[in-house]
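Shared chain: subunit A. Partners: subunit B in the first complex, subunit C in the second.
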Partner chain A sequence: MSAVVPAAARSAGRRAPQSRLEAVAGTAFALPAAILILAVLIVPLMVLAVLSFTDYRLGAVGMKAVGLDNYAALFADGVFRRSLTNTFLYVAIVLPVSVFGALFIAILVQARARTRSFYEVVYFLPVTSTLVAMATVWQFMLHPALGPVGTLSVDLGFGRVDLLNDPDLALLALAAIGVWQVIGFNMVLFMAGLSVIPRDLYEAAALDRAGGAVDRFLTVTWPMLGPTTMFVTITSSITAFKVFDTVVVLTRGGPLGSTETLLYVLYLEGFQYFRIGYAAAMTMVLLAFLVALSVLQAFALDRKVHYQ
Partner chain B sequence: MRARGLVLPLASHAVLATGAVVMLAPFLWMLLTSIRPPAEVFGTVFRLWPDNFWGAENYWHALTVGRLPRTMLNGAIVCAGILVVQLLVCIPAAYALAKLEFGFNRLLFGLVLVGLCIPIQVPALPLYIALAEAKLLDTYFALMAPFFLSVFGIFLFRQFFRGYPSEIIQAARLDGMREFEIVWRIVLPSARPAIAAFSVFSVVAHWNDLYWPLIVVTSGDLATPPLGILAFRDTETGGNYGALMAGAAIVTAPMVLAFLAARRTFLRGITMTGLK
Partner chain C sequence: MRLRGIGKAYGSTGVLHALDLDVRAGEFLTLVGPSGCGKSTLLRIIAGLEVQDAGSVEIGDRSVDDLLPGDRDVAMVFQSYALYPHLSVGRNIATPLEMQRLTLAERLPLLRSLSPRRPRIMRGIRAEVAAVAAQLRIDHLLERKPGQLSGGQRQRVALGRAMVRQPRLFLMDEPLSNLDAKLRVHMRGELADLHARLGATFVYVTHDQAEAMTMSDRIALMDSGRILQLGTPADLYDRPGSLAVAQFIGGPPINVIDALADGGGGVSVGPVALPVPCSLPAGTPIRLGIRPEAVELAGATDGESGLLPARLHRAENLGAEWILQCVLAGGDLLAARLSGAAYNAAALRPGSAVLLRIDGPHVHVFDVQGRRVPASAVSLAAGAA
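And then the complex of A and B:
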């Protein structure tokens, strides 16, 4: 569509110089980005893939090809397998709570008139705050003797619980913090989705039947929010999949490895033990998961286009 | 019917208010503890508001012992450096991708789309090795370099420029304006909202980032705010929680205050990923 007018304008014998000018300007404008994308993304990706088939360690004089040994060792490695399990468990807790919780809150907040922006700010606050700093606050909050959560748990009759030092509960505690951090983000996305649902759909639904809140939700809101829900779900899984900051600040993988997550183990292998070849193979596995999620996301966006 | 009309809003308020208390609890606890003397932090009797105001001592301790001003200066330098280069690289490239025909237009856009699904953790190993070989670890450059290119920025601005009327650009060309002038004087001013939103997105992400700074920085002089808080906590093993909470408040304050001041821009900037 945009090409129609320029084409007409160019027909006055200016076509050749204009297209050459465009090519020159375009190349000049895009060149820095092209060079950088090669330097920080494409070349490192290729190097990473190559490294994953070697026994390279940082500081080593030489390296040799080891074929698929790193990958074989990876899937035989108890720590790596446990980190995968922990990461999926973490995602499995954070995902439903942060998506459906956010949807529920978004619907409630959307219906408020005067307090709407107040709640929007309150729920969004953790998203903008520095997670490492807030994690130290959570550590103090969850302190069995000094924190309010400990006091509350005693008052409620659960006794003293030390969530972060309990192998059965530590991952759950991290997941709760993960939900706290991301739910406002999801809420804002859902509110954007809710605001574009045409009002007459609700009126039509009200004419069709009695139109209780649940009916309205099931016949109008939920189907119309489909693409948004899909998108929020995938974005949240990617975020949850990359859990790292809270592990570093609060548990360092403990107690008893119960909070070792994929990124944390990768960080240790690559940048603490410097087993580069092994860590490269681990990164390739991470990449495979992320690409799979992104392909899903592309499908979701595609559907969004068709809906509108 | 009347009863239901009253019950529903009340229940809704109750749920939202309870949730709000949970969301705000860490912030309140942080601020209340930051003005509490150690004796009351460890005291057996729990009082919400401290008997003795200890804010000056705690904040002074956090600012001097924790070296937080230095980390925040580092954070500001790193965020500003990253943002300036990102804008300088992204905007012309995005304009070219949106409005100009040139040899590798399609190829570059394909690479941008690939880049969108690759977080820093993936190229981190090779980038680290390269920086180590070049003896550039533990520098501002190492902190900034991987983020000079924002594929997300290119994607975002390209979408924005595509919506810009080509007729105006063509008219400017017929007036004899060069492409560089067109970008600088015509297209760029119209992109201000997109630039503001992207800036928020970029600065918040890099101010709060832990992974990359943790890898490339070893000296305290270059620590960014998250590293500063980590180091401060580890030196305060005696449990000076008041000062630690003061430190957390200081580090979180810039982003939170900026959010409260420019709420719309923040919401748009941070949730932009969802609206592309």
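And then the complex of A and C:
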């Protein structure tokens, strides 16, 4: 198009047409991605938000706006409140154990020369397996009569313990499985983080009298793992918040609702009772928690972990 | 500091071979050599970062072989500076003092606030850090993180972290190699000044002979895990013990040409007899090391003997002087260092025929194995004639 403009005119107003052309081209390039984001993320989210203010039920012909009724009902609902408590409890156990446990194991495994890859594979195996399939194995393991855990607890003198059917212990058992599932993944991330710490820093620390295990960790390892730790913490907490499959397969929220978690209750409301509007409100709450968590961690940790 | 019979091997590859070295108190000693000669390994053994297979390291008349790096009273400046990226400049410099003077509990978050003596110790540390920073002129940078500093500034911080401990021995592992050429020359001067001011012992590792020559009291030139020659910069330049030393020291590098002893107290290059004193039997093959400044242009009309005919290949302008790259009749290259005035007077062009006069007494004579022909053999010739 600019080729037909006479040379004099073009040189006089070159700046404007060219930058306009660039703007058009830029928009054209950005458009497919923008449409995709809109279609698969923004619009569904908005539909969800709108549904959460209605009494829509799956298959119903009509629906009507109910304002904040769903949210009011939600926070008055004992089941929902209990699921919130259970979820937070679950996260409170899984998050620290899976993050610090993974860090501990990563440091130990990192120091191995020959057996390192063996341990990497062993710890990573649970990540590659399907949790639903592995949950059946756990069901056998934890079975009070058949499983080795039950036999062990008898041998140790704790008597016959039925972890999955004890209201005080069931959530703990699920948390243990949750840790087992995610710790290998976190360990691999930490090992990647450990491997890029310059050896010079450890040597400088050794000359600065920070050569002992604790001082090395506090002076070099822990600060240098900052970005890794932030990432691991965020992904682990989101994974823990969304605990679902082990609940469905192993306890179905029982015994006595002691393992009812946010996502499980949400699933019941939406897909078993078809109360879509109510489930949408619940989803919004879950979403709010996850967003708040990510933002909080990003802000709190970001200030301390980036050096450049 | 004293090294006795230091040996080190990685697998079957020997890196250091029964190496002895005495470093005098307060001296600036440079370990220089090509990469892979073992100089860095030696420095790391002195620091305690690596353990030698044989021999012993003594610092101040006491073996430090059983001491951890932090207890040897040495400080090290790394090639990469190895600053703690998460700590401010001030905290980086303070770290060695904090480690030394505070207990673990006094350094831990929360717990440290319980210590009644911590505030007093920290005040002392801050004062010392400020003093060191002022000396290095980085006192305005104490709050910055290393990532916000230029290469030269990081270099100073690394120096500050070493200085603040007031160690008996400073170890420096190619500290200038990450700087640009101009800054490197500048920091060379600063390091030499710093050494003079602190009066501490410096052991400095570099592969750059110019750094070694400009800063050192003494140089240990290393190759293949051995010290080839130990001496002052002037020793190494004027009396190289071997061809390898002569070739490593000096820029532009020394000219090396093949010659024969003529049996009459001189040498000959092809048909030309050169006035280089040498008493070896006639026909003994030798190698001559001729510094570029020992070569000068001779006017074609002088009619004197002992001039090497050559052709000018290329002239390099260094500002105050010129380096002429000449090709001898045999095809050997010979570089000559000339003042600007002498070059202009000669009015040369590439391809011009030139006659080169060799400053015989300043030529180094080596045998074919590269060993220096002893001075006795040279002076003996002078006596016989």
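Please note the rule applied: the second predicted complex is superposed on the first by the 254 of 308 C-alpha atoms of A that agree within 3 Å, B and C clash if a C-alpha of one lies under 4 Å from a C-alpha of the other, contacts with A are read in each partner's own complex, and residues count from 1 in each chain.
In this section, contacts are C-beta pairs under 8 Å (C-beta built on N, C-alpha and C of every residue); 3 or more make two chains touch, one makes a residue touch a chain.
Bear in mind the structure is a predicted one, so any value in this text is a computation, not a measurement.
Of the two partner chains placed by superposition, only subunit C is touched by A:208; subunit B is not.
In the superposed pair of complexes, A:224 makes contact with subunit C only, with no contact to subunit B. In the superposition on chain A, A:156 makes contact with neither subunit B nor subunit C. Put simply, more of the residues of subunit A are touched by B, taking subunit B and subunit C as the two choices. By the document's definition of touching, of the two partners only subunit B reaches A:108; subunit C does not. When the shared chain is aligned, subunit B comes close enough to touch A:48, but subunit C does not. Shared-chain residue A:76: touches no atom of subunit B or subunit C.
In the superposition on chain A, no residue of subunit A contacts both subunit B and subunit C. Across the complex, subunit B is touched by residues 2-3, 5-6, 9, 18-19, 21-30, 32-34, 36-37, 40-45, 47-48, 51, 58, 105, 108-109, 111-112, 115, 117, 119-134, 136-138, 140-141, 146, 148, 151, 180, 184-185, 188-189, 192, 213, 231-232, 235, 242, 244-245, 248-249, 263, 266-267, 270-271, 276, 279-280, 283, 286-287, 290-291, 293-294, 297, 301 of subunit A.
Looking at the complex, you find that subunit A touches subunit C at residues 198, 200-201, 203-204, 206-211, 214-215, 218-220, 223-224, 226, 304-305, 307-308.
By the touch criterion given at the top, residues 47-49, 68-71, 74-76, 78, 80, 82-87, 95-96, 99-100, 104, 107-108, 145-147, 161 of subunit C touch subunit A in their complex.
Put simply, subunit B touches subunit A in their complex at residues 8, 12-13, 15-16, 19-20, 22-27, 29-30, 33, 41-42, 46, 88-90, 92-93, 95-97, 100-105, 108, 111-112, 114-119, 121-130, 132, 145-146, 148-149, 151, 154, 165-167, 170, 173-174, 178-180, 183, 204, 207-208, 210-211, 214-215, 225-226, 229-230, 233, 241, 244-245, 247-249, 251-252, 255-256, 258-260, 263, 266-267, 270-271, 273-276.
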